[in-house]
Structure formats: C-alpha cells, structure tokens
Amino acid sequence: MTTAVHPSVQVGPGTTFGEGCVIGPNVSIGSGCAIGHLVVIHADTRIGNEVRIDDHATLGKRPMRAANSATTKEQELPPLAIGDTCIVGTGVVLYRGASIEARVLMADLCTVRENVSIGRGTIVGRGVTVENFCKVGRYCKLESECYITAYSELEDRVFVAPGVVTSNDNFVGRTAERFKHFKGVTVRRGGRIGAGAVLLPGITVEEDGLVAAGSIVTRDVPRRTLVMGAPARPVREVPVEQWLEHQGWTDA
Amino acid sequence: MTTAVHPSVQVGPGTTFGEGCVIGPNVSIGSGCAIGHLVVIHADTRIGNEVRIDDHATLGKRPMRAANSATTKEQELPPLAIGDTCIVGTGVVLYRGASIEARVLMADLCTVRENVSIGRGTIVGRGVTVENFCKVGRYCKLESECYITAYSELEDRVFVAPGVVTSNDNFVGRTAERFKHFKGVTVRRGGRIGAGAVLLPGITVEEDGLVAAGSIVTRDVPRRTLVMGAPARPVREVPVEQWLEHQGWTDA
Amino acid sequence: MTTAVHPSVQVGPGTTFGEGCVIGPNVSIGSGCAIGHLVVIHADTRIGNEVRIDDHATLGKRPMRAANSATTKEQELPPLAIGDTCIVGTGVVLYRGASIEARVLMADLCTVRENVSIGRGTIVGRGVTVENFCKVGRYCKLESECYITAYSELEDRVFVAPGVVTSNDNFVGRTAERFKHFKGVTVRRGGRIGAGAVLLPGITVEEDGLVAAGSIVTRDVPRRTLVMGAPARPVREVPVEQWLEHQGWTDA
C-alpha cells in the first residue's frame, strides 16, 4: 500500500506521509508537516508549515445538500485553509470553505463546516461540531462534545464546557417565517458556558459573562454576571479574580 | 493504491469509486453513485441509484455482541439496504439489518444500527445515533448529536433538535424485571423535541406535541401542547401557524 | 491494496487481517484475532487473544499537545495494552498509555485516552469519551455518548446512562489557582447516573447512589440514595431490589 498523491500537489521540505493517504489535485502542503495514515485531503486544500494531521482525517470535504435542508445551499466555496502549527486529530472532518488560523488544535472526531473561520490558538475539542456560518475567535476553548449551531459568533477567549448545546431556530422547524429569524448564539470576549448548559436561539452572552453548568439560558447574559438555573437567572457578579483582564494572558 | 472490489460485486453504469475502498462479496450498487475514498462496504449490502457515499464510511457492519449487553442478541440479519439518492456522510457507520428508504441524508459520523428502518426524505444529523430496534418515519429531522435509544418509534415529520437524549430503562440497569419493561420513546406524527431535552423511558409525545429546549420529560406530552421545565409541564397550546397541517408540505 | 505490516510485528495463529491496515513496529497481536479493514495499529501496541477490531479503528495513538492545554503534558507513555476477547468498534480511537483489561467492549467511535485503565468486562458505549487520567472499574456500563472528564474514578459495576456530562474545573478555565483543584467525578461501587445528568467538578456518588435523569448534581450523593432535580436533592432510598448486592451478579 502506498499513498496516492496527485501530480499537481505541492509539498514543502521535511513533510512526511503515512500509508494509504489520498491527496487530491492542487493541494499545497507546507514544510515539516507530519501526515498520518489513511488521510484524505481533497482538491485545492492549503496547509501551512509544521502541521500535524492524524490518521483517518478528511480535509476539504464538499458539503452535502439534503433535499430539505434549511441552511445548506449550493455555492462556490474557497479551498480549506489551515495555518501553521495546527494539529488535526484522528477522524476529524474539515470542510471546504473553512478557514483555520495558526496554532489551532482540532481534536479527534471534531467537525468544522463550510463558511466557518477559527482564530489563532483556539482548541476545538473532541467530537465538537462547529456548524456552517460560524465565526470563532482566537484562544477559545470549545471543550469535548460541545455543539456550536449555525450562525453563531464566539469572540476571543471564549470558553465552552463539555456537552454544551446551542440552538438557532425558535420556530423548531416550522413556518416559512422561521427562515428570516435563524440566529445562533453570540458569546462576547471572555464569555464562558458551563458543562451541559443549553442556550436558546439568538442568545447573547456579554463580555466575561458566565453560565453555570446545566443551566437553560433563555435570556441574554449580562457582562461579568453569573447566571444559573432553568431558566437561568443572574445570581451574582463573576469573581474579580476570574475576569479575563486579570489573567495576565498574552497572545502567542 | 487501488480499490479492492470482490468479483461478485454488481455495479451500475456511471458509478465511480475513490481510492482504497473495500467492497465485499455480493454487494450490489446501482447506477450513477459516487463513492468516496477508503469506504468499506460489507457483504450483501444493496445500494440504490444516485447514492453519494463519502470517505471513511462503513456500510453493512455486523453487530458486536458484548458478553453482558442487555439488548443485543446473536441473530440472522437481512443485508443493509439503501434507497435511491441517499447521501452517506464521512465516517458514517451503518449496520447490516438496517433499511434506509430513498432520499435520506445521513450526515458525518452518524450511526444507524441493526433492526432499524428509516423513512424517505429523513435527515439523520451529524453524530446522531439511532440504536437497534427503532422505526423512524418519513421526512423527520434528527438534528446533530441527538440520541435515539433502542426500541423507539418516531412517526413522520418528527423533529428532534440537537443534543436531545432519550432513554429506555426505568430500572437503570438493575433487576431481571427490567428486561420485560425496556421501552424507548414514541413521538407521533409532527412531534417536536427542543434542544438538549431529556426524555424518560417509555414517554409518548402525541401529534404535534412540542417539548421546550432543556426540558426533562417525565410524563406523556399531549397533542398540540407545549411542555416546559424539569419536570416538564404543559404551558400552552402550540401556535396554530406551527401545526403540521398548516405548513403546506407535500411529500416528495 | 494490501495490509502494511512492519516486519517486527508478532502475530499469533489464526489471526486475520482485512485490507489496507497499517501495523507499526513492535506490535504484538495474540491468536484468533479478527482485524477489520483500514485499521491502524501504532508502534508497540500489545493485543491479547480473540480480540475483534473493526474497520477504521486507530490504536496506540500518541497524544496531541496543544500549546495551551490545561491537562496534557509531554510524557513517556507505556504501550497501549488490550486484554483477551475485547471488542474494538468501528472508528474507535485508543491512545498509547491506556490499559484495557479482558472482555471490554469499546463501541463505535469511542475514545479512550492516555493514562486510563479500564477493568474487565466493562462496556464503553458508542461515542463515549474517557479523558486522560481516569480509572474505570470492572463491569461498568458507560452508555452511548456519555462523557467522562479527566481525573475521574469509576469503581466496579458503575452505570452511566446516555448523554451524561461530567466536569472537572470549578474555575471554568480561569485563574492559575485552578490547576491545583482540577478534580473529576468519583462514582463508588454500583453508583448509577441517569440519562442526560450533569455532574459538577469533584462530585462523589457513594455506593449504590442513584442520580435521576436530567439532574444537575452539585453535592455528593449519599449511599443508596436517589437524588433528583436541579440542583439535585435526596428524595428517597434506592429500592432494595435494585441494590447491587441483590442482583446475584458474579464476575465472569
């Protein structure tokens, strides 16, 4: 078994391939990358330097269009772009039309769909889905198995705990009216969502806002406020020592 | 690297294969199908026309039998059957003994187990599990990461939002008595379950019933009734404009 | 297409390989194993006898180290070890540094990370994640899509229902202080967690304790006590006929 590399592929020095990979036409791969076994990289994908791609990953996949999908239309998409020193885990699926900055970790079995951008240094956890038409900032942590619905925006340094569920359709799949109102969630800089919380469509979590684990969030979360319960209500200010500006973090 | 096609395989005109696929004995594949890279199709699987199958999918897998499984027995199973113009996403796992009608979308990394039927035009979302012994109707939407427990029935036009969890064992794994009482959930025609809701074993959601996001459903949901909370209680009638009969939908 | 077996690999009699597998240096595989198609087994992995490994599984993967991970450090890890008569499902990812006893079922698309031990006869369900630094006992059932956070301990005969979420960081990703306090959940012998429940960091469920479906657990669960609600409160004693000691189970 060998790797099937299309003759038009460009590969930088020091990049290695495992067994049984399939690399499509016009793919470009930088230098010093380590590509695992049985990896599929579709046409035109652009990969930076020092990127690690683990076994069974699929990069640059074209969207599937269901006959009755509410949010996926046929469209031209730019190639998938992955920045330097990213890590792509085992079985990850990245779509054509996604743009991933440098130093992003995409853990095993996560999916990033088309028309999504992910900022530098963000962690996309194991099994996470980032649906189409999302913007994710820099240095976010999307922990294992959280779900980011279509049309969401997460600013920098956002933390989403394991098992968080977000939603974008207040009409729950009914009425033609709903197509005008699809709206994901917005989490402003430093906002944090606790484990297993559920966010209703269109919710905004303001800067440094914090949702307690297991809460059902039906109203916007004010700045530096902890909300809790079902439905979630403000309970107190976020402790000063937990404010983003007090972490001493610098971007790297 | 080439594709390993057993000599007994039947393939219709215009069907294409990617690299590194493994197609077992007595598989039949219709015309105009597009099969990705590194796809495994096990013995006897029957695939219709114009079906798209993406990379790393596994079709026709035989069940695994754990020594102490409560619901999986050794049995003879009919071959996996997939209807015309279905789409099978990346990394999908479909079991022998499943029957999928035409125009079904099975998104990336979903699983459909043995003794399951899925009706025409249904969407099985990303990462969804449909466990064994389930019946799913036509034109349902099972959104990303929802979980359909064994012994469930979903009628036509059912909507299950992201992250919904269902269950089937009121005895939580104890007593021999429980084997007589395993019962999944039943969702009647047009029933809808909001994001992150949890349904207890044996719950029925009646026609056009609606469960609010994040609810814990411990009692049956009446027809055209919105229930909410933990435990969920009826709060009002579903708005008339959201009734299934007012959508103007026709089957296609 | 053939299977790429490193010349240093040791394989017992009666073991079979599917197409397109990649078996790395110094792997040892016992007798009577059935290995599917497109399976990757990394260096040094040790597999017992009569083990079934399904298509697209990845065994012995090395951890990925994100620049800003809170819990993953570079380290030497012992090889992945898998006991006799285990079953490894389709698309499963098992890390170097995990130790799996005999008769464990790891269902499709589950992940077991480094520095994890799993006891004899346990079921790790479909899509389950067992994060790093966990200890899972014997004859546990971790049902589909549950999430076991890092630094957790589950004793023998623990039952975790589908969609359960656990967590380990009370500081939700902020303050340097948090690194001293990371603590997963502890579930003592026979403890049970109902579907979709959320457990906060550091929670202990005592012997035969039972968490009702959908509960948010913010305090320890006493022995043989059913807790329910958000936050969960004790409601009654677990029925005598459900006590572990009354099941008549013997280890096998």
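To keep things simple, chains are lettered A, B and C as they appear, and every chain counts its residues starting from 1.
To be clear about the criterion, a residue touches a chain if its C-beta (ideal position, glycine included) is under 8 Å from a C-beta of that chain, and two chains touch if they have at least 3 such contacts.
None of the values given here were measured: they were computed from a predicted structure.
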| item | value |
| --- | --- |
| Same-residue or different-residue interface between subunit A and subunit B, half as cut-off | different |
| Superposing rotation of subunit A relative to subunit C, computed on C-alpha atoms, to nearest 5° | 120 |
| Subunit A-subunit B separation of Cα centroids, rounded to whole Å | 25 |
| Residues of subunit B touching at least two other chains | 1, 20, 38, 56, 91, 109, 127, 145, 163, 196, 230 |
| Subunit C partner contacts - residues on subunit B that touch it in the complex | 1-4, 20, 22, 38, 40, 56, 58, 61, 64-69, 91, 93, 109, 111, 127, 129, 131, 145, 147, 149, 163, 165-167, 169, 171-175, 177, 196, 198, 200, 216, 230 |
| Sites on subunit B touched by subunit A in the complex | 1, 18-20, 36-38, 52, 54-56, 87, 89-91, 103, 105, 107-109, 121, 123, 126-127, 139, 141, 144-145, 159, 161-163, 192, 194-196, 210, 213-214, 229-230, 241-244, 247, 252 |
